[in-house]
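Next come two complexes, and both contain subunit A; in the first it sits with subunit B, in the second with subunit C.
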Partner chain A sequence: MTQTLTKISPSNHEFADIIHRLEAGGSMLPDTPENLMQIIGIYKAYAVPMDFYWRDLLYIAEKVFLNPLPFFKYFLPQEYLDLKNHYAGDTADLRVWRGCAEAHPELINFIEKGETIKGSKLFHHLWHDRINMEFAEACMRAMYWHGRDMGMGKFDSYLDSDEYKHNADVAIKAYFKGNPAMLGLYKLFPEMFLEQVRQLSYYSNLGLFWEVMCPVFYEMSDIYDEGGFKDVSDAMNFLVNGIFAIAGRPIYHHVYIDGKCYEIISKSKGFTWLYEAALPYVEAVFYRTSPFRGTKSYNAQAKQVPEHQKDFHYGILYADVFPVGSAGIPPTLLMDDMLHFLPDYLKEYYQKNCRGEDDQLIQLGITFQRSMYNVTSAVIQALRTALLYPLDDENPKHLMKNRQFFEAQMDRFKRPEARLKDIQNPDYR
Partner chain B sequence: MPTIVDIAVNNDNFKTLVTAVTVANLVEVLKSPGPFTVFAPTDQAFAKLPPGTITTLVQNIPQLSRILTYHVVPGKLMKSDLEKVNSVISVEGSPISIDCSDNFEVKNATVIMADIEADNGVIHVIDNVILMG
Partner chain C sequence: MTLSLILWLPLIGVLIIGFFPNPVKTNTLRNITTLFIFITLCLSIYLLTQFNLGISKIQFTEYLTWIPQIGLNYSLGVDGLSLPLIFLNGLLTLIAIYSIGEKVERPRLYYALMLLINSGISGALMADNLLFFLIFYELELIPFYLMIAIWGGEKKGYASIKFLLYTAVSGLLVLAAFLGITWFSGSASFDYADINTMALSANTKFILLTLLLIGFGIKIPLVPLHTWLPDSYVEASPATTILLGGILAKLGTYGLIRFGLQLFPDTWKLVAPGLALIGTITVLYGALVAIAQRDIKRMIAYSSIGHMGYILVACAAATELSLLGAVAQMVSHGLILALLFHLVGIIERKTGTRDLDQLNGLMNPIRGLPLTSALLIGAGMASAGIPGLVGFISEFIIFQGSFIIFPIATLICIIASGLTAVYFVILLNRTCFGKLNNKLAYYPQVLLLEKIPAFVLATLILFLGIQPQYLTRWIEPTTDHLIATLTPINVEIAQK
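Moving on, here comes the complex of A and B:
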């Protein structure tokens, strides 16, 4: 019996057991050694491609910018592989990973060799033996598309301000200086260019968000390998502390044209990692996203696609991993990226279950789903800590407010597509 | 009568707050005629924040200013004024919920000392740092 339950009556919610677990400081994911092993292993496998994603997102936002033919935007230059992470290495503002600040050695190795042979970047790109940046861009587009509707933080509304339009205009004109064709096009279709810059601001937003998450996941993997983290709640609490520690990191968009920095969104706007990146990211990517074209057909006239954006439910917390496990679908691209960097213990685990190597993409997709339920639990607990009351609060009225908050969060998993029920079962794989 | 800043500087419970306000260059603003209502977290309130939170904010002044201005409301609002409303809008722009039905509560913080009058406003001392959202 948790401390909360001795002070207020039990919840009657459909997910009462999970709510009571959250009230005891736990996660939505059941606390078992198998779950802990799975989620930490997949965090490690996620961190390595994420090290590429954040660097390339910033490269595109800052340097590729409005290149009308960006064929080489996924060809990350050495400068960005060496870019020092602000939260890892000796030069870190606040060190969340004790490893290096530059790109992870496993990533460098993969960029050189891929799964085939050591060859040119162009060969690996055309053979598709590379990191799938298309997944990162799909996440960015989800944030961009849902941004206005969500009304979270101040980032999206700033993109409509006169100040932003002016800053973007200065950068656009500087970028196309000496290019009368593009400047003429800009004069004819100014909104089209502005809209592209807005999208690039979201590239920067997501890049700065993942710059933090990448070393956090590396550190979790290192701690687990050393025998730390006794249970799932430990792993969740590490994330909660991480969220608070870097909540105030600035979110901005700088562009470098001919060696000069143009501040399209200045750090002085006061935009923060928590409010302008993390919370919108969780809502847009974990919950909402958009229907993935390809394997499933959606009929909007038959109301198979919700009328309102807020009702979209195509994120990882709702995904049926099996049908999306096909080529070209963004979640599958991520699964493919993570497959290259699985720790040995997770590879062995997948060999022993289901159809072994044949369906390991699906198995790791479901592990990823479990791990993201744990990240979402960390966000829920962080919000409870920031906005509500301690779990051991003496005041029953406060505990009831915590209860109402947890119940409202669980209401989002009542819809049939939600996988909350499935992840309670260890045989769901 | 002393200003809001004078009261905070001369009280040993507001060392972190005074440092933060100084670093964020808000001293002159809080010395101006205002008037302002300040929900002032004690040192113990700041100490409740998980490690690293303050470090990151002190490294990033505009972000620190934003959190601090969330604790300030335009106008001089005494407890008796706040009892009549459910929420007020902070200088940061986000609302702060007020609940006087039981204790005097500001969001998830409890006011431990209310109505400390200053020349340019009023201070209510709170036991938690309050955050937007």
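Moving on, here comes the complex of A and C:
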């Protein structure tokens, strides 16, 4: 930072301190041991349910597909629990996590026993003693809905192409083969089915995105347990490096009908992980999403909801922690999912603050918010690396370009709902 | 003997607390206070079980000649008018002990004053001698004054002096009336049994009754004699407010019935329409001013003024049903008000504010005060007279009983009870619902010790709302007997 500041004058931006920290290769999250402990702990707690999310998202996209009555779409078959992660285990294409490629043992244990008692899957499902896929689906829908508007990558526009429509048509007809009722419906309302397939393509997109993030978070947790990360920027840099290592991973949508694979979006289309999944995910889920249902009434006519989707600001970076703790909305369910897998050191930490065990959900929600600011910092740094100049560049003009980029990113947190200011304060819990 | 125990046990407690060797923990003092109050509460429950429902006159009488030269005797007894209030006194003192939180400054004095208050109020309710009543009625002033002055809020000095001045004037007026009653009627003593006002001239009776009405009107308080109340209620600690509103104010309405209605039955008809008018104004004023408040404690204080107005309208109507409703309202209002102030005390302790503009989203299940909010909603419903809760029972009986005598006043009161719902909806909507403020909401948890009093009160409010006979059975014989002497007057007013 000192080096940068000597070459260009200090920023006058509202978040100048944070911008200077980013210019020094740091994160939006202040670099404290407490913050490091919190974010790594929550990455671990997030990774285990995420291990379920990505598997189930792919299961729904590939196998459940257009089942008109998908009652059992959250009942992950053994085949998908055993599905090998491409970034973990001995069979990995690129081994990010040193652990196993199959579902995490803690996840398997939880699926069997739940939080309450050992019982059938149906019992656990109805008792809500399960991993809540509703959160994953909400993220997927955010990506799908905002995808039309974000103008990022080529994945979304491809969903309107004739090629995609043809591939979807083949798959739909194959799936409903021998079912004249559904085929008749398809004949009558082709767009409705096509729209469902587009959504399923986003299931696949998000599933493939999280397949990567899951081992990344596991590995970060293991490194931290071994004393490997010294500070928050170490953790952020691990993410930045991971992003570049996996950036080219293909994003596709395959459907398996009667043992045959239908490539609705083939790997050869060249859609890549960074541009077609990671960046749209951050924009749609971290920044935008949509107002959470059931917690606050928004009056669109009174302009309480922004007119343009690009102005939406309901993502985790803006999230109000209290609606999170209220009704059964997706983020609450994520907090609930993470609660099952909190590392002991994080449990002890929550025990010491606020209401201890009684408000762990809120505390871990805020930790999650901190950790996502760190992930966003990694994305911002990755984008800067990809599009602009190194932080130690000698040319002041280049450094000024970087500065402008960082300032433009920080402008998004000027609105009052943004929690960037809050997370600077260690007492924000 | 039981009545003497109820009277003297708390005073023994005062001595024990006073002479307890140092160093002494606050918890020890609280436990001693709790023990003595709990025993008196048990004794009052014992009285309830032993009370003969077939007898309308004073029971469990205890009599000792004390200072015959001035007509002052140690004369105790209870009837359906006083017994429920004695129970209420024990219960609310017990609740108040646990309404101030863990830390109490100068605990020795604090708990001693609590015991004194309990004993004083019991004494006033059990006294069968005008002067004996007055001793306790006046004795209350000092502990209450100290409670406000020492453990009060920012303006405690102002509030406590105002309280002292108003209630001292109240005491003086009542004393003047009592002396006039005894001297002009030529009674040998101040014993109730010896007093006979029938021979007094109409003007004398009117003047004496007016003195009583103003004296007790300050205590109730009635508009426009009420201005001490909002300041005292707001500045006093929750425990003191519970005792002030829950039981001390009832001494005013109790005195009105016991001495105004009972000693001057024929003059009552003259003042009844005026009383009904003042009662109605009090009800409307209380409700409307409550709506305008931003401080929830002040809102409940004004709500209390309004609810006391119902009692006055019922007393003015003086029918069997209205008087039954009036006494039932004393008990139910005491319970509901105590619950409201207890909960407001919890909210203030936990959030550090009583400001409607700052409080929000307390229903939040994780970081809010969900149980406190839920009980606050229940208490608000009870206060607004929602069926199934004790507030409905007493208000319904009052309206039913008063309508025949003062239909317009009663209808206005019914409308005003709707206004109760208005300000409680405002209060609940602002405090309990909405969104918690992210920056402020690091509230400590409500302790079990703080929850238990609220549970006890809420249970009683619900139970008596469903089984009102456990409230009215003790009151009915006495109020029926009281009204039997007034029936011709009622008919007269009704015919007018």
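Criterion: the second predicted complex is superposed on the first by the 427 of 429 C-alpha atoms of A that agree within 3 Å, B and C clash if a C-alpha of one lies under 4 Å from a C-alpha of the other, contacts with A are read in each partner's own complex, and residues count from 1 in each chain.
Note that in this section a residue touches a chain if its C-beta (ideal position, glycine included) is under 8 Å from a C-beta of that chain, and two chains touch if they have at least 3 such contacts.
Computed from a predicted model, the values in this text were never measured in an experiment.
In the superposed model, A:244 makes contact with subunit B only, not with subunit C. Once the two complexes are laid over each other on the shared chain, residue contacts for A:422 go to subunit C alone; subunit B is not touched. In the superposition on chain A, contact of A:230 is made with neither subunit B nor subunit C. In the superposed model, A:166 lies in contact with neither subunit B nor subunit C. Touch criterion met: A:269 reaches subunit B, while subunit C stays clear of it.
Of the two partners subunit B and subunit C, it is B that touches the larger number of subunit A residues.
The intersection of subunit A residues touching subunit B with those touching subunit C, taken from the two complexes, is empty. Residues 295-296, 320-323, 325-326, 354-355, 358-359, 361-362, 422, 429 of subunit A are the ones that touch subunit C when the two sit in their complex.
The part of subunit A that touches subunit B in the complex is made up of residues 93-94, 154, 240-241, 244-250, 267-272, 275, 279, 383, 386-389, 397-398. Contact residues of subunit B toward subunit A in the complex are 49-53, 55-57, 59-60, 62-67, 93, 102, 107-108, 131-133.
Those residues of subunit C whose C-beta lies close enough to touch subunit A in the complex are 361, 364-367, 435-436, 438, 441-442, 444-445.
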